[in-house]
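Read from first to last, the chains carry the letters A, B and C; within each, the first residue is number 1.
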């Protein structure tokens, strides 16, 4: 970049100091500590510490419950990404039509942006509870019997996915709408004249042009499923039934703050960290743009 | 023409159905929040407004300290919004308008933090902040809730990107005028950066408003607790949950981010969503 | 013109939303008579009691200057939280110079976690309510000081009623002050019993009775399900005790540290088999979530189940629910298998622990508060307002002097059940360091059995192995 520069040797450091200090103290340092802790066994309420080498990692490697946790995380992530983005794109395209009151529809579609995972969690918990929940009443009218949403492992996973998709809808639609409005309509018209049918136009033109945005949303939705989902799981299922919804971040929290297995939890942190690094590298390889992980 | 009208009507119908479906959970919560305990427990479920009126809201606000939690969260979000914007702008200024050795290293130093969300190092951060807070007598304070979040790569890069896109003539002009960097920031950059500022403010507000795991582990006094954990505590007690009350609390917890979103929505789309595209 | 473009969809959507809600509200007015006769409970006796508990909160108190501040953490919400706050306010009013700051910390598990995290952060609260199965962990943690060592002479531990004293006395010492104590009883909806042609004054007593009664209730269509209780290990533990079976070795962990649990015993299998039968026949219903007390309450209160097995401490809540929802409530003993003699129940609930390391004046004030909080008058008050046991013999005398139990049969069933309990290692309750984790393991095993993913024998065998490992890991870490 050829922007004009100010002179000064120390001044830029001064400007960057607050940011650099906070990043060093509250991001880098704890990450290094996490690596260190992962080589220790911390026993009994964090009162005793013992060097354990790679024991924590070996334990995780052999623990079928942890394999299940990783598997569940991947299943939920994939479903949230594919279903969530598919629905969001469809709705965005519908709301992008030039019709009366398009603005109002848009607003009525993107407000879930302001929802928190915890709010989505309590509302879905209440709706899907047996006994007084409304969804079970409706399913019993339609299907003839109630579904055990919170007690059946498969249904519980579906419930978490539904709640997550709903929670993320606003966010996805905001970005898709913005991208759609920025779309070069000339290309579409050209394609239309070329005799491409609606499906071809969508797939080869619209979707292709939207792919950078899809990619961005892919990353944010993965981030959601890795981390932000914690609040929802904690309220909605507590990782149950039979650990069916025990995603990695929830398992990590429980090991760290309920069973006080700090070393084991740190090893899980490191694994999660490597997963994030992996996703980030792919992202840089394919797009070269930055994506934020929350803050 | 005919076909077009028919298509448009179909689109309206489809959109109305979708909008209602998206709203359904909140409408349900709204209805239940006005019901008494007996109405909530009624079988088959009652879906209309109940007879409790705003009573549940009042109870949630006063008896269950929702008001207090919301105040705390507003303060915490306000502090983070202000300082993160300030620090990010300063860092952006340093990165864009100065040349200095190790610049690339600084860039990567900031960049890598994109891969370090709080949740990943929650154990170590808990230990570190607990020890610091104890040494400084700052346990259960706004400080432990905000300081770790006062800087982020997202903010720095948003401003770095934005400043880079500003024509260089502006900085030249400022230099000719003899303006220092601080005046340049204040009187030139800030006024033309409102969209970026608003976008960052909105993201930060919602990010802080939705904070869950950090306040859950670090805060021990209810007086300092934040809204999402407060919401959790309503459903997580050794007693019968009053669901009308919980729904009222959920609705209340939705209001502030919704208002901010309404307020900043347009700037947000301009400053962030579109910025992502270019 | 521009206006209209905005208004049309907005109005349409809002009007539609309103219409849906109104229709929903109206549809509710006409009771659905068809639909398998699910709607048997006639809502005729609605009593206006909704607003009794959720009264206005007293004006925010400020901590008086120079007062000794005592932090007291507990796990209660709802009406109990408000009652505790009122009691604490009474104490603060009558004890100038001391200010007890009371806070609720979520569930039992959350409260214990919060206390341990606070201790790690170097600032534990003076007084914490810890659930019964957390006792050994609390004892091992070294965070707490034995209550009895600091207690004033007039605390009179010998005044505690038998069951309570037996549970919380470890190796001859009270490390904590027993407080909220309860055990499970059977609540039932007399109206549904009548509709099913059953005698509303005869609740089922045994597992076998239960199956018969349930058959009548479900087949007559009087209720959709028959009985509900939370999928919680507590009930399993209670049934084990009721059959005289110990849960852990070494005298239920009271003679020496427990090293294994008897999850594959005949008693354990019989309980889980019965549980499974009840579930498969559609008699037993639960919310699908572990330890979900609310879910079970909702199923019973909404009339979808004729009975609920839950804590005596819910007497007040259930009476209120019955009044609000217009049905007649009955109570009975916890059912047991007919082939074994009823041994009685374990005291469940929680006790108050005091952390150490505070200045002398604070320790003294905290001890004084705990003593006051559990004295005769307050035990009576606590019992009447919740249904938890009056934990002192002297408080029982007071209640008897008021003919309380004659006038309130619902409270009586619970209390009689405790008094009729035989004092054996089984009914004293197991002491296991890793008990909170063991509870989860037991619950997950039962969950698996109900879902048909494992046979009773397989699930219990697997649970035993997991639990034994958890116990051994724990024991190793404290030695």
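Remarks
Throughout what follows, a residue touches a chain if its C-beta (ideal position, glycine included) is under 8 Å from a C-beta of that chain, and two chains touch if they have at least 3 such contacts.
This is a predicted model, so every value here is computed, not measured.
Chains A-B form the pair joined by the most contacting C-beta pairs.
Of all chains, the one whose Cα centroid sits at the greatest distance from that of subunit A is C. We define each chain's centre as the mean of its Cα atoms; on that basis subunit A and subunit C are separated by 36 Å.
Separating the CA-averaged centres of subunit A and subunit B is a span of 16 Å. Shared interface positions of subunit A, defined as residues touching 2 or more other chains, are 100, 105, 108, 131-132, 257. Residue numbers of subunit B whose C-beta contacts span two or more other chains: 12, 15, 19, 23, 41-44, 47, 217, 232, 234, 236. Across the assembly, subunit C contributes residues 9, 13, 117, 120, 298, 302, 304 that each touch 2 or more other chains.
Taken together, the subunit B residues at the contact with subunit A in this complex read 8, 11-12, 14-15, 18-19, 22-23, 25-26, 28-29, 32, 40-45, 47, 83, 87-88, 90-91, 93-100, 106, 109-111, 113-129, 147-154, 156-157, 163-164, 166, 168, 171-172, 175, 180-181, 184, 203-204, 206-207, 209-210, 212-213, 217, 228, 231-232, 234-236, 243, 246-247, 249-250, 253-254, 257-258, 260-261, 265, 268-269, 273-274, 276-277.
Listed in rising order, the residues of subunit C touching subunit A in the complex are 4-10, 13, 109, 113, 116-117, 119-120, 140-142, 285-290, 292, 295, 298-299, 302, 304, 437, 444, 447-448, 450-451, 453, 474, 476-478.
Residues 43-48, 100-101, 103-105, 108, 129-132, 148-153, 156, 237-238, 240-243, 257-260 of subunit A are the ones touching subunit C in the complex. Contact residues on subunit A toward subunit B in their complex (touch as defined above): 1-6, 8-9, 11-16, 18-23, 26-31, 33-34, 37, 91, 94-95, 97, 99-100, 105, 107-120, 122-127, 131-134, 137, 166, 169, 174-175, 178-179, 182, 212-213, 216, 223, 226-228, 230-231, 234-235, 249, 252-253, 256-257, 262, 265-266, 269, 272-273, 276-277, 280, 289-295. Residues of subunit B that touch subunit C in their complex: 12, 15-16, 19-20, 23, 27, 31, 36-38, 41-44, 46-49, 52, 55, 59, 62-63, 130, 133-134, 139, 217, 220-222, 232-234, 236-242.
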